[in-house]
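What follows is chain A paired twice: with chain B in the first complex and chain C in the second.
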Partner chain A sequence: MTVTHSSAGSVRGRPRGTSRQSRAGVAFVAGYVLLLIAFGVLPTCYAIYFAFTNAGGAFTGISNFVTTAQDFRFVDSLGHVALYLVFWLLSLVVFVVVLALLLHRLSSGPVSQALRFLYYIPGALAGAASVLVWLFMLDPTVSPVSSLLETLGFHTFGEVIAPGNLALLFTIIAFWTGAGGWIVVMYGALNNIPRDVMEAARIDGANGWQTAWRVQIPMLRKWIVYMVILAFAGGAQLFVEPQLLSLASTGVAGRDYSLNQLTYDFAFQMNNINGAAAVSVELLVVSVSVAGVFVARSGFFDAD
Partner chain B sequence: MSVYKPSVRQETGTSRRRAALLAGCAATVLLTVTACGGGGGTSGTTKDGFAQAAQNDGALTVWVDATRMDAAKQYQASHPDVKMNIVSYDGDANGSNYLQTKVQLFNRTGKGWPDVVFSSQNNEASWAVDAGFAAPLNKGLIPAATLSGFAKGSNDVCTVDGTLYCLRNDLSQAVLWYNAPLLKKFGYTVPTTWEEYQALGEKVAKEHPGYLVGDAGDTFTPEIYLWASKCGANHITGPKAVSVNTTSEACTKMATLLDVLIKNRSMSISGVFSTDFAKNEADKVLLMPGPAWYGGAVFKDGLKTPAKQIAVAPIPQWQGDTSPSTGNVGGGTWLLSKHSSHLKAATDFLKWVTTDNAYQGEKAPGFPAYAPAAENWLKAQAASGYYASDLTALKDASSQVWSDWGSGQFSQEAIWAATVKPGITQGKTIESLLPAWQDSIVKYAQADGYKVSK
Partner chain C sequence: MTSRLLAGSVLTVFVVFFVLPVLWLLLAATKTDQQLVHDNPLSFGSWHALKANWHALTAFQDDAVLLWLRNSALYAAISLVITLCLAIPAGYALAMTEFRGRRTLLIATLVVMLMPNATLVVPLFLEINAVHLIGTMWSIILPYSFYPFGVYLTYIYFTTAVPKDLLAAARMDGCSEFGVFRHVALPLATPVIALVGFFSFVANWTNYFLPYVMLPESDQMPIQVGVGSLLSNVPSFNPTVGALAIQRPQLALATLVAITPVLVVFLFAQRFLVSGMLAGATKE
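Up next, the complex of A and B:
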């Protein structure tokens, strides 16, 4: 009885505090949820509606998906994006983790602070602006590293942006723009590894490499998965880099290099909004599926 | 009890979620209906060949590129009583589709269209008619007497199924530009045939390496050289039909000529607007086939060639031809919106900007499409003292544009840039790239709904 009573009392007592807290919680997230619905969920529903209808609004089944997949540019764009994703994700996982570990080993001296600042700076440039910076970097005529480009055998902008180089170039641009922020995030995650664990590793005689490989990297796993999920979704939507490079090279880089550019072409060049929506929905499904696989296999939401 | 209560809460939660889902779906449907209903907003009288919007005396919205900003400002200065809203936008060529993108969006929202718009692309009418944006001009808006003043064939790019949907701003007939004092110093004469032109290029490569007889690095290279050779790569045979043949002799002989000159480096592959051309080759231009606007935009403003050096000759012709045939590189167009609620003011501006001597005859940077203004423009250019020869060749070339190369919805510049230019950069010959070029044109044309024949 006593137990039941006290538990009943605690049940009675808890809702008041919980409801006050939950009201505050709701107030905090309400703005975000509203914006998410207005600019995330509703447009997504709208795109799905478009993907399965024609210009007149009639249901067309999967015909938009079939039409766009049969477009002569679709497979090429898919291949370009896939290649870019391989380069981009590999470089991100390898270099970000390695740089974060090195940064962490430097402890918290002024060098570490300066490096963290330096890593973060490129992320402060908006996407389009950072691509414009690279347009100058890649043109041997005006580039501050023109001698390096010349050494590599590039004498003109046209040679640098040859179709075979594009996936690598976009990876370099994206890495320079986005990796710094992730290095800082990983650095924060490394700082969160309990000191006892690190000490235990040291006492057990683990050297720097063993500590990194057997202790730090496994404990960073969830952060790495988080980074890969977001980088995959972002990378699959590759658009700004090829679009600006295409404009700067007056078309040499191709206006339909990536799937998102193809979507843009469907919508605004060929007046096929429904086809564009179909490709967008495909991108959404792929990104969500990949995220699902990563989350499920990594135990991302498991409590420690 | 304690088990039951949460289930009530759960049910409430479920019904709330259901309500939210329903509200979301209702909002989606509402948005869809609003968006779908927004498209056909024009209502009013049918006059001048189209259903006109209700007219009012609000500000006239004019979209121009940076170069045409002067024209709009000059009109405003001479017509202070007209309320104008002048908007500068990217009216650039090379496949930029800003205007098309915006019009598609305006069509969805049902408002926002400019009243008059300038575009430096010749193929705007090909989509603007489909998109219900361009108003017919020869059904009452612009008098036939005005239209008859335009150079013969100049408004062909604006004509769809016999109806005129835009007015040409300037012609871009290609001619042979050359550096007269340099040519004289080297002891060469201006070539009149493509065979002589190639021979001169080979001579220059041997005797004056580094000097150039042309450039094949721009996206409009096919329009300067292959069009002039009557290569049937882009023969628009109907509103949605095109004939493409890039491997005929007309194409291969010009491709071979370009390959020879590119190989011996007397022809640049940088592109006249590239940074490396301006830096390394600006003072190396001996000859340069190119459109009418090269005189001002490339030599005077871009390469800063001093006055009294640049002269104009007719574009060469193949031996055995009776007269030169030339290509056409751009030349802007003006479109008037079907949705305009200030048609009187818009029409007046359109007429002024395309035909008035105050702008076209005196200030316009390109060769005016309106013939009487072109006469004045030539006099003004001659009086400017910049050119080392008279400009008769420009006038002659205006009627020598080969008519079997059209302005389709797909961008020839973009196709050449993506298909052929990377190959040239890698050292492949243009001749070897002709089949790939054909394949690409056919695919892009078909993707845009064209029926393709070969």
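Up next, the complex of A and C:
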């Protein structure tokens, strides 16, 4: 894209026009660049600086990383977040793709449109609201599905939110709020598959399953990768769900379930800013590298 | 035929999963705590109980809920304006003009977009603290205003939906660069402006971690942090609270109040959403 543009400029042979354009381009991005530096670049540098120094500002190498990693809660919260990410990403990929394919087979009738809208509604309840709703759903005394909870052997709220269940419960909450939007995106991507490709598959005698597996899912690949990247980045920063649950459970769920809660604790309860920064930097490095690997391997951003 | 039946039942089960909690929430706000426990979970309580719940909710800390709503609206609106004023021109310039550092800026935007921003909350706190803005509304409005995803959406939109020849023609006609943006690009950009506005508004309205850290005083909290603090005043979730207790139906009502603005904006933006989310899908 870059190439076509600059060549078009030189064909007309008007370097003055180009420099005028270049000045305007800089002016148009200036405000955004300021924010990018202030709230993207600077805090990242700040976090790295704090992660490698002590409270007095002296360079300490990796000692903050070692100290935090040896904290008795670190391995636990790392494991919690990892387990949650596995559940969350798996459920998202499987159910979103299946539901989008099913909706797409319904053709573009009003039923499909209505269903997409209904699936999308919980998206408006992101943040604290979704957690509050699910605190009620998971409390057998008031839940509309209390009989289901009882069948599964849960009679009190405390039993439902036992520490072993939390990864699954956070997955349900996150899926409930987030899946609808992705179903709409996948549905749209399915609509964009050229008609003749689908036609060819049908003429070759492929049934619904084969078309989905051999034609549609491979063509959704980029979008699935995109979803996984964003869901990974979002899932790794788990905070509001365990934080609110810890408020509501009087100690059943601790305040140190996720890595971000641990960062908060290091920074604001234990006054260990440098340790908090070390955990932040680890999260950043892992998230950006995972995203980088996915982007590089799938070629998601090579579109131009 | 059986496969159709199977497909139908899967789709229906998910409708129940997605809709039942919302329905329950709407009805819960119309009940007393007694009714919530003993009545059918999907029954309507009474208008009287709804009114009583509203009074009990607003009485909590002298209208704190209304104050939190006002705070949220203020924070989200100001940062929305700044976001739109900065992100739309930036995305336009990245897509349609040529300048030194363009590629670097594009890559930086992609990287920052993929960074989990909650991990930056602690360093942001330190930075804001260093310039003495902690406890002011700017400590969350300014970070909210930085919205790389909006720049990326605008960039995608202009590269795919607006032909460069159109701008070239306007330039030939003697339009200044700002004039080209103002009179040619901007009118064409309405769908993407609506989309960026919607996403940034929802992201800011529902953010919890950043204001939780930056604005610890109760009278500065946005509604999200506010309902979180209501939660710790509900006896059945937290038996240690005393006389100032909040009942569960009031908490349900508070949750409804907290999501109403998002729901309203969502209904208005809906027609842009589907077409806009697919703006990227046509980029092949």
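The definition used in the following text is that the second predicted complex is superposed on the first by the 266 of 304 C-alpha atoms of A that agree within 3 Å, B and C clash if a C-alpha of one lies under 4 Å from a C-alpha of the other, contacts with A are read in each partner's own complex, and residues count from 1 in each chain.
In the analysis below, a contact is a pair of C-beta atoms (placed from the backbone, for glycine too) under 8 Å apart; a residue touches a chain by one contact, two chains touch by 3 or more.
Everything numeric in this text was worked out from a predicted model, so none of it was measured.
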Review point. Who does A:234 touch here: chain B (first), chain C (second), both, or neither?
Key: second
Exercise for review: Determine, under the contact definition given at the top, whether A:46 touches first (chain B), second (chain C), both, or neither.
Suggested key: both
Exercise for review: Return first, second, both or neither, reflecting whether A:72 touches chain B, chain C, both chains, or no partner chain.
Suggested key: first
Practice item. Identify the partner contact of A:269: answer first if only chain B is touched, second if only chain C is, both if each is, neither if none is. Key: first
**Study point:** Partner touching more residues of chain A, whether chain B or chain C
**Key:** C
Check your understanding: So, does A:99 touch the first partner chain B, the second partner chain C, both, or neither?
Key -> second
Practice item. For A:165, decide between first (touching chain B), second (touching chain C), both and neither. Key: neither
Practice item. Quick one: classify A:36 as touching chain B (first), chain C (second), both or neither. Key: second
Exercise for review: Once the structures are superposed on A, label A:141 by its partner contacts, choosing first (chain B), second (chain C), both or neither.
Suggested key: both
Exercise for review: May I ask you to decide whether A:63 touches chain B, chain C, both, or neither, giving the answer as first, second, both or neither?
Suggested key: neither
Review point. Which chain A residues contact chain B in one complex and chain C in the other?
Key: 8, 41-42, 46, 139, 141-142, 157, 247, 249-250, 267-268, 273
Review point. Can you list the residues on chain B that touch chain A in the complex?
Key: 2, 24-25, 27-28, 31-32, 36, 94-97, 100-101, 104, 127, 130-131, 217-219, 269-271, 273-276, 279-280, 411, 413-414, 416-418, 421-422, 425-426, 443, 446-449
Check your understanding: Which of the residues in chain A end up touching chain B in this complex?
Key -> 8, 11, 37, 41-42, 45-46, 49, 57, 71-73, 139-142, 155-159, 162-163, 247, 249-255, 267-271, 273
Check your understanding: What does chain A use to touch chain C in their complex?
Key -> 1-2, 5-6, 8-9, 17-18, 20-26, 28-29, 31-33, 35-36, 38-44, 46-47, 50, 95, 98-99, 102-103, 105-106, 115, 117-119, 121-129, 132-137, 139, 141-146, 157, 176, 180-181, 184-185, 188-189, 191-192, 208, 223, 229-230, 233-234, 236-237, 239-240, 243-244, 247-250, 260, 263-264, 267-268, 273, 276-277, 280, 283-284, 287-288, 291, 295, 301, 303-304
**Study point:** Touching residues on chain C, where the partner in the complex is chain A
**Key:** 3, 7, 10-11, 14-15, 17-22, 24-25, 28, 36-37, 41-42, 85-87, 89-90, 92-94, 97-100, 102-103, 105, 108-112, 114-127, 142-143, 145-146, 148, 151, 159, 164, 168, 171, 177-178, 181, 202, 205-209, 212-213, 224-225, 227-228, 231-232, 234, 236-240, 248, 251-252, 255, 258-259, 262-263, 266, 270, 273-274, 277-278, 281-284
